[in-house]
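What follows is a group of structures, each given as structure tokens.
The same chain A turns up in both complexes below, where it pairs with chain B and then with chain C.
Presenting the complex of A and B:
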């Protein structure tokens, strides 16, 4: 494939390059740390301006003045905000996100329990999104301005414009209520619930590890619809980006050269142009995965999926601030990590960024 | 969309003459530009469809009390959960309220949210971005770090957190969405400003002794406006979807307001038997957000020469 690669400028001296890359990595790290600190501060502030009084929710409305003050002091709420933020940071550094009112467990344990369900859902969704979205985008680019292109654009537009929770409900109505193909709400048929030991927390993986094919089938029936609908959402974004990346490549001179050489269109599109957008695609898929977290909040509510999104929304409705802030913080960190990952992928795989 | 360009009517001789003569004032140039842009915008059938739907939405919202066939809040317990019929075009809900009338009145809420968020977010984003780009240095670093923090959350999750802090409600939802929607505008305005601030005419203005404020307000902001407006239009669809999502989760507009997302949420329990309670408001959200997306895309194609 050497014909397809873009000429790389002569490499600078090895030591200079390393120093530059180290400095770049250092700057990047500093930025990320600063962003994380800001993230913490933001969640902290949001948690403190809550209209619900956390003291009142512990002592109850009938408590007398001295009990109230005592609890207030225990919670550290009488200290200045800066000191409170310091305590917050200290607790966090010990992995303490506080206790969830709803479950009575530490928020950290709750999150560890619900996150795998969301990861399973989002991972399947991103697989669907990539496997459908990328070929669609490539196809649209090769049919630019013709019917196929317009059809793909419409699909993508509909994906962007559909309220995902509504799409989920319509899916339930058609595939569950009318056709009976899909499982309803939840992760698995009640009959199979708890049959396989949880090792990874991912039901599909756990059931395969345990060799329980019936459980696997049931789990698959339940996850197919929510994952499919989340996946379609990702298709909209991925196909659109793929199309524009491919168009940028297809107008390059090396493509003309390949065509003039007499290569078949398939070879030109897939072996030359497509290979050159792989890195960009990887970064887009990483970002799309983060976007799925947002969709998951709504889809999990619709499907009663016992994941992170449902945990967040049910805590929200109860005003359970520790749980809410913990969840929001985790999402923020995952988002930052995905951004960082997509950046790193670029650095590792694209030789042009190294100069 | 390139194929559309070729379907544009060829200019007549008079038109050609007019285009080659210089407009006499900046205002006339703007008018001329606007007219040309509009013609180009509407030459795309998809964009025209979007404009049509938005126009229709505006009319419905404006004349809602006259268009609605029933009182959107009037309960009629004798006629609950009726399927669409001649008496109730889109059926009735669990309180016997007419869904068509609720939908019509709900268009006002949708427009209210979109308009309010846009009006708040535009100036904030513009102010932050232009200041950041023009002054550079530590001002820029500080502003952009803050922007980064806001961007590092998925917007719905951040909006959820803000609503949690403020308490549910329509106006709080608007504030929460606005708080999550300004950073992309700020980034855009900053990028535009960076490309302008070293321009000759800015340097000349500065040499003439114009203050920073004057340069920003009189010279830079006007030139950023068009791309900011495009971006704001493109954001409208996602504002609608976020607002509907908040309404659906019970954190946006509260009952008995006929907000479309909240209507879906109410219809959820009855969905299996009364599909219209969910399907129809959702269809309305889809249609409107599709229309805003089409308009945004069209504007982008017209105003961004790189898309040619």
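Presenting the complex of A and C:
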């Protein structure tokens, strides 16, 4: 038997692999920077086109012309738009996000204060959403068309179609006003405010680190309800998506093969089907988490939660563009980071993506 | 494994479990604010700065009047009565052009520095030099950044002299000193120690305070919470409360629930249904106080339609359902009033009694050449009660064939358009009125010395509505200078009659009412018509 000479591609060398990885990372970084720059430019243009006058927010509707013009100049709004954007980028490159009109503080300080409040809330909510939503979705898929499935779908429909604002008010009425189980407005009882030094900005974590259990207890009491309601909203979305992903997998032939082989139903569902939806699930959980970070504004309003959503919304209404740009940048970075994270996790869960 | 780390971890886990269990156990306990603390639920959406030279809006007034001292104060129950503050006495020169204040001895700032007349003079000079929002009233008295140092000065540590650059009614100046945040006395040394790039401490004072008032500002976290604690060294003696907390709450129903549970003592900015509900509960009570500000409907006289007096009369006098609006929309927001001079002043004329009269309006519109009406727009701030007034107006205008589209927006957008004279109809609120003097409102709402676009007198609503009547201007200027109270009252009544006869472009519909709901155990809270509500005597009786 003659052996045909088949050209074999040379095996990649270690240095070649490193170069390819570096090039890939460089491309990724450039894409991320371009995305963020585009986001900033768009926000800047929209901010300037919007019929909102930051000068008027500062001087009030009854200010005379000289005061108005003076403050306009102080804010640099008398310069051409391109120059304003150029100055913004110059300051940004030095880590300066400018000063917020809303608070009189540097935007960076404000974000360092409001972002952890929302991160704490959203993290707890997404934990609830995932830990409850995923098993519910799997359960519904395995009981397709039966009572259990209908109940889960009803919960999902209810959670998704009911305004979160209404949930917030009802939650306050029942768990705060009637039962007295939950805290009212704010992050903590006023008696404990300021007792624990801020290390992470996450009150639950800071109080544990400081060993202040009463503060922890109060913080837990205040966060439980808003996080639970946001979590319920996340449960509705995650369970619905999990069910749909699982149904797609359960109708595949490899599932039939697994069953024919005599594997237990638990092994079929969790070891085979569920494992194959992990990548999709990661994406939706990551996106839901990002959505909670920027979109918890209604719950923050109902619960007087001093978080990022409220900060961004009120800055927007005032035309406080430094604060809006800084916040949008954060949202952009969060989404980019979550995407990168889910990409990285794809490679962990799906070997096909490693090549 | 290290035993001690295991023990420590076990202990931590145990403590966490205990805390969680205790947390669950404590659920259900009745919340109640401490006896010596007052917790106020308030929207801080418009609180952007604490600097007395640049802060606008009412939120800052309630803080400033407790953290700072004014030279004089206006009695909340009889606002024309001027009471001593940091100035124990004052004198007005016979020609009305000089006010001399004698400051009390022994008053100290929170820093421990003594309060002197130099501080008082410097504080007012600073307002003019910075030329921020609150320089407006002082500029209207003729002060400028250039002349203020010579006109407002300390002749010794306890004597402050204010020379008025142009003739005016010194009472009006005295009222401004008792109501405007710009008139508070700052601790000059502390402020200058925090000055940056010659800003006279403006950046620092945006978030800090340097006063001598009965409360010290401890911390302000924007749109979250503000803490004030008692200043034991206050010259009146310590306040009755140890601490005041203002908590940012914008949602009316959340305020209602927290008030009901006793987590807050006073709630402001609640919606009418929630106020009504709280009125019926045994633990809370409702307090309302008339303010000088007016709700109005205004048209732009620059618009060819509204330049016609008959169209203005039709729209502003016959097509506004004054009775309906005041009975159904305005409870807790305002009280029926149709004059530019607020209720309660000697010069205020009886109401003219405008009523919804569609037939009368149709007749006037036909005479003006609009028998079938026309199309127009109503700009309105998208919040209660403005939107409710606007929809009511939209319905009554339609009865006369006028098709009005409502353009809702933020205050910034609506008043911004008005400042640019870019509107047709506006439902708004404003008009001075903080000082209990007819001039305060007439200056803001009626006076318009130059109606040209170039003048850009954006602080005058008369200019914004493009309505000017030289005779009215002349009458307002003359009335201000009259020293005989009876003659002055009569002169201000003439202003109102003349204004009325010319069918102005701005028509008051209601006078603003400020309503707070509070727990019944809160005592001696007296809301001030000029918003300078002082908390030094407030306490709780349980």
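Rule of thumb we're sticking to: the second predicted complex is superposed on the first by the 278 of 355 C-alpha atoms of A that agree within 3 Å, B and C clash if a C-alpha of one lies under 4 Å from a C-alpha of the other, contacts with A are read in each partner's own complex, and residues count from 1 in each chain.
Please note the rule applied: a contact is a pair of C-beta atoms (placed from the backbone, for glycine too) under 8 Å apart; a residue touches a chain by one contact, two chains touch by 3 or more.
Given the structure is predicted, the values throughout are model-derived calculations rather than measurements.
In the superposition on chain A, A:39 makes contact with chain B only, while chain C stays out of contact range. Using the contact criterion defined above for the overlaid structures, shared-chain residue A:169 touches chain B and also reaches chain C. Look at A:161: by the touch rule set out above, it reaches chain B but stays clear of chain C. Using the contact criterion defined above for the overlaid structures, shared-chain residue A:304 touches chain C, although it does not reach chain B. Residue contacts after overlaying the shared chain place A:70 against chain C, while chain B stays out of touching range.
Contacts of A:177 after superposition: both chain B and chain C are touched. Touch criterion met: A:105 reaches chain C, while chain B stays clear of it.
Of the two partner chains placed by the overlay, only chain C lies in contact with A:217; chain B stays clear of it. Shared-chain residue A:138: touches no atom of chain B or chain C. On chain A, the surface patch touched by chain B in one complex and by chain C in the other comprises residues 51, 169, 172-173, 177, 301, 317, 319.
Listing the residues of chain C that touch chain A in their complex gives 12, 15-16, 18-20, 22-23, 26-31, 33-34, 37, 39, 41, 45, 48-49, 54, 56-57, 131-133, 135-136, 139, 203, 206-207, 219, 221-225, 227, 245, 247-251, 253-254, 257-258, 260-261, 263, 409-413, 415-419, 430, 444, 456-459. Those residues of chain A lying in contact with chain C across their complex are 51-53, 56-68, 70-71, 100-105, 110, 113, 169, 172-173, 176-177, 179-182, 184-186, 190-191, 193-194, 208, 211, 213-214, 216-217, 220-221, 301-304, 306, 310-311, 314, 317-319.
Residues 1-3, 145-146, 148-150, 152-158, 160-167, 237, 241, 244-245, 248-251, 261, 264, 268, 271-272, 275, 278-279, 281-282, 285-286, 289-290, 293-294, 297 of chain B are the ones that touch chain A when the two sit in their complex.
For chain A in complex with chain B, the residues that touch the partner chain are 31, 34-35, 38-39, 42-43, 46-47, 49-51, 144-145, 157-158, 160-167, 169-170, 172-173, 177, 290-291, 293-294, 297-298, 301, 312-313, 316-317, 319, 321, 324-325, 328, 331-332, 335-336, 339.
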